[in-house]
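Here come two complexes built around chain A, the first alongside chain B, the second alongside chain C.
== the complex of A and B ==
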C-alpha cells in the first residue's frame, strides 16, 4: 500500500482503489452473491388463498341479496357485515399479490430427472471435449513452438489466429452446413453409396449429441493450443537437445522434459476448454436449432426466459458455477500448479 | 571401440528416425490446418450460391445477390449499430477498471495480493452465461431490465480482466528507475503518472482497446442473457438459426473471414518485423 501511494500519490491511489472496489463488488462478487441468494428461495403462495377469496365473494353476494330484502334495524347490521367482508377480501387479495418468500433448498433438490440427466450429459461431454482437445493440441503446440523455424512458426501462428478470431457462431455454423441432412458429409456418403439423398435416405447427424460434440471440439480447440504454445515457446531448445544427446527416446523426452514444462499451459488450456464447453449456449443452440434435446445452458435459458422461473434458473446457474470452480481446483491438483500460473 | 565413436554411430542411426518423426509431425500439422480451414471454406462458398437455403452441395449458380440482401436487412444493420455502441461502452468501462487493477496488483506487496489477483481474473474463468445471469439478477433489484446497458456491463466484467492482464504484462517490463529519478528531481506523483506511466502504457492501452472492442462485438454467450428484448449483430445471427436461416448469414461469415485475415496478417507481420528487429539488435 505504501508502495502504491509512493508511486502514484494519494489522489490517484484512491481512484485506483475506488474503481477496483467497484469492479469487484458491483460487477463480480455482489451480482454472483445475488444470484446465489436467489437460488435459495421460492415465492410461495398460500395454497388455499384463492379458494378463500372465492368463498368470501360468494358470501358477499349472499349478504348483498339479504341486504336488499332486509328491513329495519337488521339492515344496518348486514351493511356492517358487508363492510367487514370487503375489508377481509382486500386483505386476502393483497396477500395473494405478495407471495411469501420462503428460504429453501427446493430449487436444487427438485431438479427433475430429465434436467439432471441433461446436466450430467453436458458435464460428461465437456470433459470429453477437454481430453480430446488436449491430446490433439499438444503435438501442434509442440511443433510450432519447438520444431518450426521462426519464420515458419510465424506463418503457422497466422493459421491459428485466423480461425481463432472468427466468430464462434460462424465457426459452429460451418459444421452445421457439413452435418446437415443434405450437407457436405451426407453428400459425400451419397457418392460412395452409403446414403441416398434423392429418396431422403440420409443420416440425421444433427439429431445426435455427437454433432454438438464435434462442433464444440472445433469451436474451442484453439483455446487449448495457445496456452500450451505460450509455455512451450519459452522452453529452451537446448534442454530437448541435451536429453536427445544423452540418448533419451522421443517418448521419454516428452514425458520427462517437455510435458512437465508445459503443465501450467495445459492446466490453463483444460480449464478454458472445459469452462467454455460446459457453459456454451451457442454451440447446442445452433447445432440442435432448438429441435432435439437440450444442453444444460439451454435448460438454464428456458428457466429464465420461457418458464419465467428465475429462482430455479439461478440454482442451475450456480450449480454450473460450482462445477467449473471445482474443475479449476481439480486441474491445479492434477497439474500441480498454483493460482498465479493460471490465466497469466 | 571408443566412447566417441559409439556416440557417433548412435547419432547416425538415430538421424533417419528423427527425420521420419518430423515427417509425421508435418503431416499431422497439415491435417490439423485442413481441419481448421475446410469448414470455413464450406461456409464461405455457400454465400455465393444462388440457392436460397445455405448449401454448397445443391449448387445453383454463382450469385452476389445475398450481399445486396444484407444491405437491406434492417434488423442486422440495427444489430451491428447496437454492437458498436456496446463495444465503445465496454472500452469506456473496462479499460479504466483494468488499468486500476493492474496498477494495484503490480505495486501491492501484501499477502492479500494473491487473493485479489484470483478475484480479478475469475471472470475470465467463469462461464459467460453466468456473468450474464448474475448481471441480470443484480440489476433487476435496482429496477434495470435487460438491454444494451446490461449487455455492456456484463461484457465489461470479464473484458476488464483481459485488459488488466495485458496492462500487468506491460507494467512488469517498466523501468522503475525513470519514475524514481523524476520523483527525486521534484516531479509530483501526478506529473510522473501523466508524463511517464501513461506514455509508457499508451501502446498497450491502444491494443487493449481494440481487443476489448473486438471481444465485445464477438460475444454471444454473455450477451444473449443480458440483452433482454434488444439485440446485437451476433445475437441476431444466433436467432436466425432457428427462424429464417439464409445465405445472408454466410455473407456475414465471408466478411468476417476477410476482415480477420487482413487484421491477422497485419498483426503477424508487425510481430515478425519486431522479432527480426530484435534479432538484428542482438546479432
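== the complex of A and C ==
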C-alpha cells in the first residue's frame, strides 16, 4: 500500500484500489453472496392459499350477482358483505405475494435421488472430459512448444485459435452435424459401406455420452492447450536433448523431464476444463437434444426458469461451485503445485 | 572407463544453402583431450552435435571406436554431451540428476544411488546430493553436469563451452579440474570453445576452425609458434601482421617489403620472390632496441601504454599502421616511455605466410 503510494502518488493509488475493490465486489462478492443467501431460505406459504383466493373470488361474483337482483334494505347488506369479501381477498393476496421467509438447509439436504444422480454423473463426465482433453492437448502443446519450427508453430497456433473466432454454439452445432443421423460421419460410413442410410441403418453417435465428450473437448481444447503450451514453451530444449543423450527413451524423457515441468500448466488446464465442462449448459443441451441424461447445469437451469424455484437453483449452483473449488485443491494436490505455481 | 577414438570422414553439414561445415576429415585419438577452437558461427558446435548424434551429417561418416554411427541415435551412442547451459534437470535432486543416465539404463535405485555417490565424491560434491540444482553455485552446477555425463561411462565426452558461464577465477580452477578428471578417467574429451586460453591450457591437440573448415590441427605449442594460415596465426594469441611482397628468399628466410621497410622472417612454406605474403610476429617476441641491433629494426611512435599486470601493452604507430609490444612490467623503469622508439625482433620470431584471411577481418 505504502509502496503503491510511493510509486504512483495518492490519486492514482486511490483509483487502483477503488477499481480493484469495485471489481472484487461486483464480480465476485455480491453475486456469490446473493446466490449463497438465496440458497439458505425457502418461501413458506400455506398450501391452500391459492384455493382460498379462488374460492373468495367465486363468492364475490355470486355476491355481485345477488347485488344486481336485490332491492330495498337487503341491497345495502349485500354491498357491505362485498366490501368485507374484498378486504379478505386483499389480505389473502398480500399473504401470497409476501410469503414467509424461512432460513433452512432444506435446499441442500432435500436434493432428489434423481438430481443427485445427475449431479454425480456430471462430475464424473466433467472429469472424463478433462482427462480426455489432457490426453489430447498435451501432445499438441508439446508439438507446438518444442518440436515445430517457429513457422509451423505459428500455423498450428492459428489453426487452434481461428475456430475460436466462431461462436461456441456454432462450433457445437458443427459437431452435431458431423455426428447426426445423415450427418457427415454417417454419410461417409455409408459411402464406404459400413452403414446403409437407405435402409435406415446408421450409428447413433449422438445417443452416447461420447458425443457430448467430443464436442466438449473440442469446445474447451484451447483452455487446456494454452496453459500447457505456456509452461512448455519455457522448457529448455537442451533438457530434452540432455535426457536423450543420457540414453533415455522418449517415454522416460516425458515422464521424468517434460511432464514434471509442465505440471503447473497441466493443473491450470485441468481446472479450467473441468470447471467449464461441469458448468457447461449449451453443449449438452445441443448435443443430446434432451434425449440422453441431463447435465447438472441443465437441472439448475430448470430450477430457475421452469420450476421457478430460485432458492433451490441457487443451492444447486452453490453445490457445484463448492465441488469445483474442491477440484482445484485436488488438482493442486495431484500435480503437487502451489497457488504460486498456478499463478505463474 | 576407456576412451575411444573418433573419426570424421568427409563429414559436412549443409542447412538449406548455408554450408555450416565443409567436408572435413578429423581423427581424434582415444583418451585424448581434443579441443575445437574457433569464433562463433564457425561450425564447431555443429560438429559436436553431429558427433553426439543430434544432427545427421549431409555427407560423410562418423566412426567412434571404429564403428559407424550412421544409424545410431544420440541415446545409443557411447558419447555424453555437456551443454553450454549445462541443462541440468531443475526438478530433480543432485544425485537424481547424476543417476538419470543409469535410470534410463534400468539400473535399480539402490545401485544407481551408490554409483551416483561415487561420482559425487569424484567431483567433490559430498553433502550436496539431496539439494536441487538451483540451490548450487555455478561451479557446483558445473560439477554436477560433469558427473551426470560421466555416470553413463561414455567413451567420448563432448563439452560445448561448458565454462563460459563462470567467472574468470572459477574458470581457471575448473580448467585444472577438467584436465584432472580427464586424466583420471581416460575418457576422450572433445572440447568446444572460442576461448583460446582454455584450449591452449587444457588440450593435447587443438583443431582451429574458420567458416566451417578446419584450418589446422596441432598441439598447443605448434599451434602457437607454427600456425599454418594467417587466420590461425591471428586467431590464436595476438599477432603483429606486416603485409607485403617477398623481395628475396634464401636459406629458410624471406625478406619482405612492408610499410615499415624490409623485414626478415622464417620462410617455412618456401615462398618465392614476388609472392604476396604477411609477416607475423608475436607482441612478446618484440623488444625495444638498446645496444645490439636485432635482425629487424622498426621505428615507430609510442601511442599508448596499457598495464595488464605482469606485462605492459605498448602501442606504437607509424604511417597509420600500428604495432603492439608485450613488455615485462619492470616497475617505474618503463613508465615514461614516449616519442619515437626503435623496436626490433629476431628473424626466427617472424613467420612469413601466404596472404590470406586474418581473424580480425
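Here is the rule we use: the second predicted complex is superposed on the first by the 269 of 344 C-alpha atoms of A that agree within 3 Å, B and C clash if a C-alpha of one lies under 4 Å from a C-alpha of the other, contacts with A are read in each partner's own complex, and residues count from 1 in each chain.
One rule holds for everything that comes next: contacts are C-beta pairs under 8 Å (C-beta built on N, C-alpha and C of every residue); 3 or more make two chains touch, one makes a residue touch a chain.
Just so it is clear, the model here is predicted, and its values are computed rather than measured.
The partner that reaches more residues of chain A, of the two candidates chain B and chain C, is B. Once chain A of one complex is fitted onto chain A of the other, the partner contacts of A:243 are limited to chain C, with no touch recorded for chain B.
Judged by the touch definition given at the top, the superposed model places A:252 against chain C, while chain B stays out of reach.
Shared-chain residue A:261: touches chain C; no touch with chain B.
In the superposed pair of complexes, A:227 makes contact with neither chain B nor chain C. In the superposed model, A:284 lies in contact with neither chain B nor chain C. Common to the chain B-facing and chain C-facing surfaces of chain A are residues 244-245, 247.
Note for the complex: chain A touches chain C at residues 236, 238-239, 241-249, 252, 256-257, 260-261. The touching residues of chain B, when paired with chain A in their complex, are 7, 10, 14, 21-22, 25-26, 28-29, 32-33, 35-37, 39-40, 42-43, 46, 54-58, 96-97, 99-101, 103-104, 107-110, 114, 117-130, 133-138, 141, 153, 156-157, 160-161, 165, 179, 188-190, 192-193, 197, 214, 218, 220-221, 224-225, 234, 237-238, 241-242, 249-250, 252-253, 256-257, 260-261, 263-265, 267-268, 271-272, 275. Listed in rising order, the residues of chain A touching chain B in the complex are 1, 3-4, 7-9, 11-12, 15-20, 22-24, 27-32, 34-35, 38, 136, 139-140, 143-144, 147, 150-151, 154-163, 165-171, 173-178, 180, 182-184, 187, 218, 222, 244-245, 247, 250, 271-272, 275-276, 278-282, 285-286, 289-290, 297, 300-301, 304, 310, 313-314, 317, 320-321, 324, 328, 339-340, 342-344. If you check the complex, the residues on chain C that touch chain A are 52-54, 73-76, 79-81, 83-85, 87-92, 100-101, 103-105, 148-149, 151-152.
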